[in-house]
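Got some structures for you, see below.
Next come two complexes built around chain A: one with chain B, the other with chain C.
Moving on to the complex of A and B:
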C-alpha cells in the first residue's frame, strides 16, 4: 500500500547517494548520542548539591600587613562585627572554600599506625558557627561547642580531639553502616585520635573533579595567620546588598589589613564548572552543526533526486498519483534511508560509548537516550525532506509528456 | 464520453500569451479510435494533456463521462486519471529503477488494489503484451518495442475506459511500430476508447476517426469510402477556422 517495497528496490539500484546520507545520519546519531551522554554526565556533576546555602553565602580574604598584629583578638572582633550587621545570619573563619579548587586534605584511618588504610577527606577548619554559616545539615550528633575551638598556629601539626564528618565520609569509613560512625574514634596523621561527634548530610570538597568530592570533615580550629578567609551567610535575597557593606565595615574597622576577594559562592561554583560548561556548549554546538549538515545533506540529496526524476514524478502524477502520494513517496524514501542510517548509527553509538566508558570511567549509555536520538534523527530527516517533497508534489503531471 | 466545447488553452510567458488551443469542439464516443495529427507545435500535446487531465483548459467546457473536469480539484483529477485514463508516452516513461512488475504496479497502487489483485492484473497485462516471462527485468534490459509494450500493459492494468497515446510509435522502428499499432487496434476492438497523437499518417489513417490540429485549431478528416487506400480524404471541419488550414496541410 505504501510502496515501501518498490521504493526499497529502487533505492538498491541507486544506492550511492542514499548510502552516503545514511552514513552521515549514522555518524550524526553516534556523535549526537554520545555528546549528549557526555553533556548529561557533566550536567549531573554540576548539579550535585554542595550541601551549602549557596545562594546566600559569600566570602572574603583578610590579609594583615601590620607587624605584631593581635590576630586572635582581631579575628574575634571581625566576626563579632560581621555577625552584628543587620541581614547577616552568621559568619565563620574558614581555611578553604568549597568548590574553589584549593583546600586542605588529610587522611582518616580507623586504626592507628603507619601503613593502615586511610580514607582521603577534605578538611574545613571552622568554629562553632561553621555549621550554621555554611548552612549544612547536621543529621547526627552535635555541633562544636565554643569550648571545643582551638587556635591553630601556622606551624602547628596537632589536631583537635573532635570532628564532624560528612555522611559520604562516614559511609567510606564504615561501608553499609554509616550511622555507626557517630562516636567512633578515627586517626589522623596515622596516630592522632579524633572522635566523630557529628555527621552532616552533605559538604563538598574544594575539588569538584575529585572522586571523593563528597568526603569532608569539619575541625574546630581557628587559624592564626596573616591570611584569613571569612565565610558569611546572609538572609535570603540580601547577599548582593551586604557584600559591599561587610567589606566596607571590615576595611574601616581596622586599617592594618586589606579586605579583598569578596566573592559569592555562586560565582565560585560558576568558576569551578566553567570548563564543564564550556565543553557542554561546544558539544551542543557540534550536535547542532552536525544535525544541520545532515539536514542539508538530506535536502540536497532529495532536491538532486527530484530534479533528476522530474519526468518520472510527472509520469507518476499522470498515472494517478495525488500530490500527497508524491510527497509520501519521498518521505517514505527518506524514512528508509534514515532507518539504514539509524541502524548503523545505533551500532556505532554503542561502540563509541563502550570505548568512552572504558577510557573515562563513565556510566554506560541509557537506552532512553539512544531512543531519543533515533527519534530526533527520524524527525530531522522527515522535516528536512518536507520541502523537497513539496517541490516534487508541485511538479505538474503534464511534465510526463514534455521533454525535460 | 468525452466532450469539449469551445475549449481554449493559453500559455502566458511574461507579457507574451500563446494560444495553444482555440475554440475546440469535439465529441469522442465510447469505443472510438481517434488519431490526432498536425505539425510540430500545432497544439497536439496540449490537446492530449487536456484530454488526459494533465492540464486544465483556460476556457470552455470539458466533460468526461458527464463530469466538468474544469471544476475538479487536483486530487479529484488525479483520481479520475487513475480510474478512467491510461497513458502511453512516446518515451515510454517507464521508471528505470523498477522492474517490469513494479512498473506496471505503479498505477495499481495508486488505485488502492490489494496485493493479490495487483499481482493478478500485472501478470495478466504482461501476459497480454507477451512479456510475462520478463517481469523481473529492468526496462534497460528490453528493446524499445518491448518497453512500449510494458507501457501499454501499465496503461491497461487499471482497466481504463480511455487510452491516450502520445506518439506511441515515435521511438520505434517501422516493424515495432506496426506491432504496437496492431496491439492498440486489438485493445480498441475490446472496447477501450483510444486517442492517439501521431506524426505517422499511415498509422493515423488506421484509426476510426482522424483529427487534425494546426495553430491550435481542430478539424476532423473523414476518410472517403473506397479512396482510403489512395490517401485521398475529405475535410469535415469541426470548426470553421480550422478547416482551411487543415485542407492546405493535406494539399486538398
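Moving on to the complex of A and C:
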C-alpha cells in the first residue's frame, strides 16, 4: 500500500541521513514543547488580576528633607490638594505599592500567643479613601470610617483595632468558609487583637513571586515619616495628562521636600513582570528559529537525495508513475522519518521535562501540549518537503535515458 | 598544503552556494544563541574579587524564631541584628571586619539655584574600604576613631563628586545631608564590582552607592535605612528598642587570612552565641555560618534561574544546528563521490582527502562563528532591551567570549565534519570510476 515497503527499504540504504533528520525533529519537539510549556506557565502568572483599577492609577513618593517638619498637617494638606485637582477621582497615602516588589508583611493568627500558627499577609496602610482609590471591590462588611484612622509614628509597634482583608486571606484563615471571617478577631504580633470588619475581593501583595500573593490586608493607618507614597486614581483616560499636573502642584506647594518617582501602575506591572515577558519573547524566538532550521534541514537533505536519485525518478516516470505518485513517495518518506523523530522526541521531551523540573522551579508537562507539538512537527515536515517533492515530480521521464 | 586545501574548499563552497549558506546560517544561529546566554551566565557568575574571594567571609548567626527557621532549608537569617553586629565588630576578633547597611538620604547642595536630590548611600564601619579593596581618587577611608566618635564624615563616589564639586579634589569640603554637615574624607575612583557582592540582599547587580558614612551614625534615627528589615518578634516602642530588637537588617563581612583564622573565628562566633543563650536569646540550635564570596553568591542564587534555563535551551539549540550541519555536510560530501574516486585513483591518499574535507568543514565553521559573533552581539543588545536596567553591564562581549565563540564554532564544525569526512574517504574508487 502506498509503496511503503520500497520507501522503507530505500531509507535503510541511507540510514544516517534519515536518522540525522529524525534526531533533529526529536530535539526540536522536546525543546519546543518544553519552551511552550514554560511560556504558558508564565502567561498564566501574568494574567492574574491585581484587583486594582490599574489603567487609571499612578503613585509618587514624597521625601521630606527639612528638619522639624509638620508631617501630619502637611500630609493632610497634600491629600486635600490632590483630591481637589479636577480629574482626580481619589487619593490616599499608602505604605507599599502592589506588584512593585517592595512592601511590608506580617503574620495573622487565630489564637493569641507565641508559637501559634500564623498566616503571612501583605500589609497596606491606607485611610478611608483607600478602597475607592485602589478601585478594589468590597464584598462584605464596611469601609473604614474617618474616626478609625490612626497616626503611625516611625517606630510604632502597635496596630489599629480594625482591618479589611482580601478574600484569599479570609479563605486561608478560615478554610472552606471565608464568609465567616467577617467580625472575627485575629491576632497580629502574636498577641494584639484586630477585628476583621470587611472583606475585599482581590488585592495582590507587592511580591508577584510569593505563593501567598493574593493574601493582603488593609489597615487604617496614616504614616508619619520622611518617606511617603501617595496613590492617585484618575477619571478614565486622564492619567497621563494628570501625572505631571499633580507632580507640579505638589512640588510647588511645599519646597521642603522632593517629589519624585511619579509612576503609573501599568509601568509597575510591566517592570514587575519584565523578566517573565523577556523570557517569553526569547523562548518564542527560539521556537520559531529552531523550527525554521529544522525545516531548512529537511529541505536541504531532501533536495540532495532527489538530485542523487534523478535517474531513478526519471525511470519511474518513464515506467508510468504519475507526478502525484512521485510527490507522494517523498511526502511519505518524510512522514516515516518524522514518525521516528516524533517517537524519540516524545520520550526526550518527557525526559527533558523531568530533568528541568528537578533543576528549576517548573511543573510537569501536560500531555495535550505534547500532542499538539507532534501534530505541528508533522505539518512542518510535510510543508518543508513539499518544495523538493514538487521538484522531483517535475523531473522529465526522458532523464532516465540520458547518461549523466 | 593548507593553502591548497583552502583553495579547494573555497571552490567546493562556491559550487553549492545555497547549501553552504544554509550550513553557515545554522552554525551561526546556534553559536549566536549559545554565546548570548553563555555570556550572561558568565558575567553573572563572575568572581567579583578574585584575589581575595577565599579570604572574605559573610557572617550569619541563627538568632531566629525558636518555633520556625528563618529559611525553608534551615539556613540562618541572611542578615544580623544590630546588637549582634555591633558586638561582633567591637570584639575585633577577625583580621578585618565590617558591618554595614544600606541608607537613602537627601543631599542639599550649597547655592541658591541647586535643588536638593536623593542619593543612595551605605553606612559602614571603617574597614569596608580596606576589606573590599576600594580604589580612591582623592583622600581615603575614615579612621576607626571616626567610627567610635560618630564623626560626620563621608566618602563620595566619583560620580557624586563630579556632581557636587565638578570632579575636583573635595577632601575637606562639607556636604549637607538631613540637616547636618558631613566632611568629605575621600573620593572613590570608579568602582563597580559585578555582582555587587558586598550586599546582594538589595539586588546583586545594583549600582554601587553614591556615598558612604560611618555605621555608628545609625545609632541615631536621622539617616533613613532602606535595605531589608526582617523581624520574627515585635520590636518594642521607639528607636532604641528597635536597635535592641531581634530584627535583622545589618550585614557583616570578615577577612580571615587562612583556615586556622577561620576556625578560630567560627569558634569565637559559637562562644558568642553560647554566651547570648545564657541571656535567653538564640533559642535555636547552634547554626552559625561563615561563607566565602563565591559560596555566598551561590547561596543567594545570584545567577538568575532564568539565565541558566536559557543557557540549557540554547545549548540544545546549538545541538540541533549541529545535527543539521552534519546532515547537510554528509549529503554534500557523498554527492562528490565520483570526484573523490577520481582523486584517489590519481594517487591522493586518504589522509590528504581527510585533511581537505575537514578544512572545508572548518571554513564553514569559521564563517558560522563570525556570523555567530554578530548574532550574539545582536542577541545581547536584545537581552539588554528586554530586561532593561537589571541586565546593565551583564550583556557585553569581552575577548574571552569572542575567543570562546570562535573556538566553539570551529570545534563544533570540525566535530560535525568528522563523520561526513570519514564517509567520504571510505568511497571505493573502483566503483565510482565505473560508468553510471
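We take it that the second predicted complex is superposed on the first by the 391 of 404 C-alpha atoms of A that agree within 3 Å, B and C clash if a C-alpha of one lies under 4 Å from a C-alpha of the other, contacts with A are read in each partner's own complex, and residues count from 1 in each chain.
Keep in mind that, in the parts below, a contact is a pair of C-beta atoms (placed from the backbone, for glycine too) under 8 Å apart; a residue touches a chain by one contact, two chains touch by 3 or more.
What you see is a predicted model; the values in this text were computed from it and never measured.
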Query: Once the shared chain is lined up, is A:47 touching chain B (first), chain C (second), both, or neither of them?
result: neither
- request: Using the superposition on chain A described above, determine whether A:305 touches chain B (first), chain C (second), both, or neither.
  value: second
- request: Identify the partner contact of A:73: answer first if only chain B is touched, second if only chain C is, both if each is, neither if none is.
  value: neither
Message: Per the contact definition in the header, classify A:9: touching chain B only (first), chain C only (second), both, or neither.
response: first
Message: With both complexes overlaid on chain A, does A:400 touch chain B (first), chain C (second), both or neither?
response: first
Message: Just to be sure I read the superposition right, which of the two partners does A:368 touch: chain B = first, chain C = second, or both, or neither?
response: neither
Query: After lining up the shared chain so the two structures overlap, which partner does A:322 touch, if you call chain B first and chain C second: first, second, both or neither?
result: first
- prompt: If you count the residues of chain A that each partner touches, which comes out higher, chain B or chain C?
  reply: C
Task: Return the residues of chain A at which the contacts from chain B and from chain C coincide.
output: 311
Contact footprint of chain C on chain A as seen in their complex: 16-17, 20-21, 23-24, 27-28, 30-31, 35, 38, 63, 65-67, 114-115, 154-158, 189-190, 226-227, 258, 260, 271, 274-275, 277-279, 281-283, 286, 289-290, 293-294, 296-297, 300-301, 304-305, 307-308, 311, 352, 356, 359-361, 403-404
Residues on chain B engaged by chain A in the complex (per definition of touch): 45, 48-49, 52-55, 74-75, 78-79, 81-83, 87, 89-91, 93, 95, 97-99, 102, 105-107, 109-112, 138, 154, 158, 166
- line: Seen from chain A, its contact residues with chain B in the complex are 1, 3, 5-6, 9-11, 13-14, 311-312, 315-325, 396-398, 400-402
Complex interface listing, chain C residues touching chain A: 19, 22, 25-26, 29, 33, 66-67, 104, 106, 108, 115-118, 178-179, 221, 224, 234-239, 241-242, 304-306, 308-310, 312-314, 316-317, 319-321, 323-324, 326-328, 330-332, 334-335, 382-383, 386-388, 390, 419, 423, 435-436
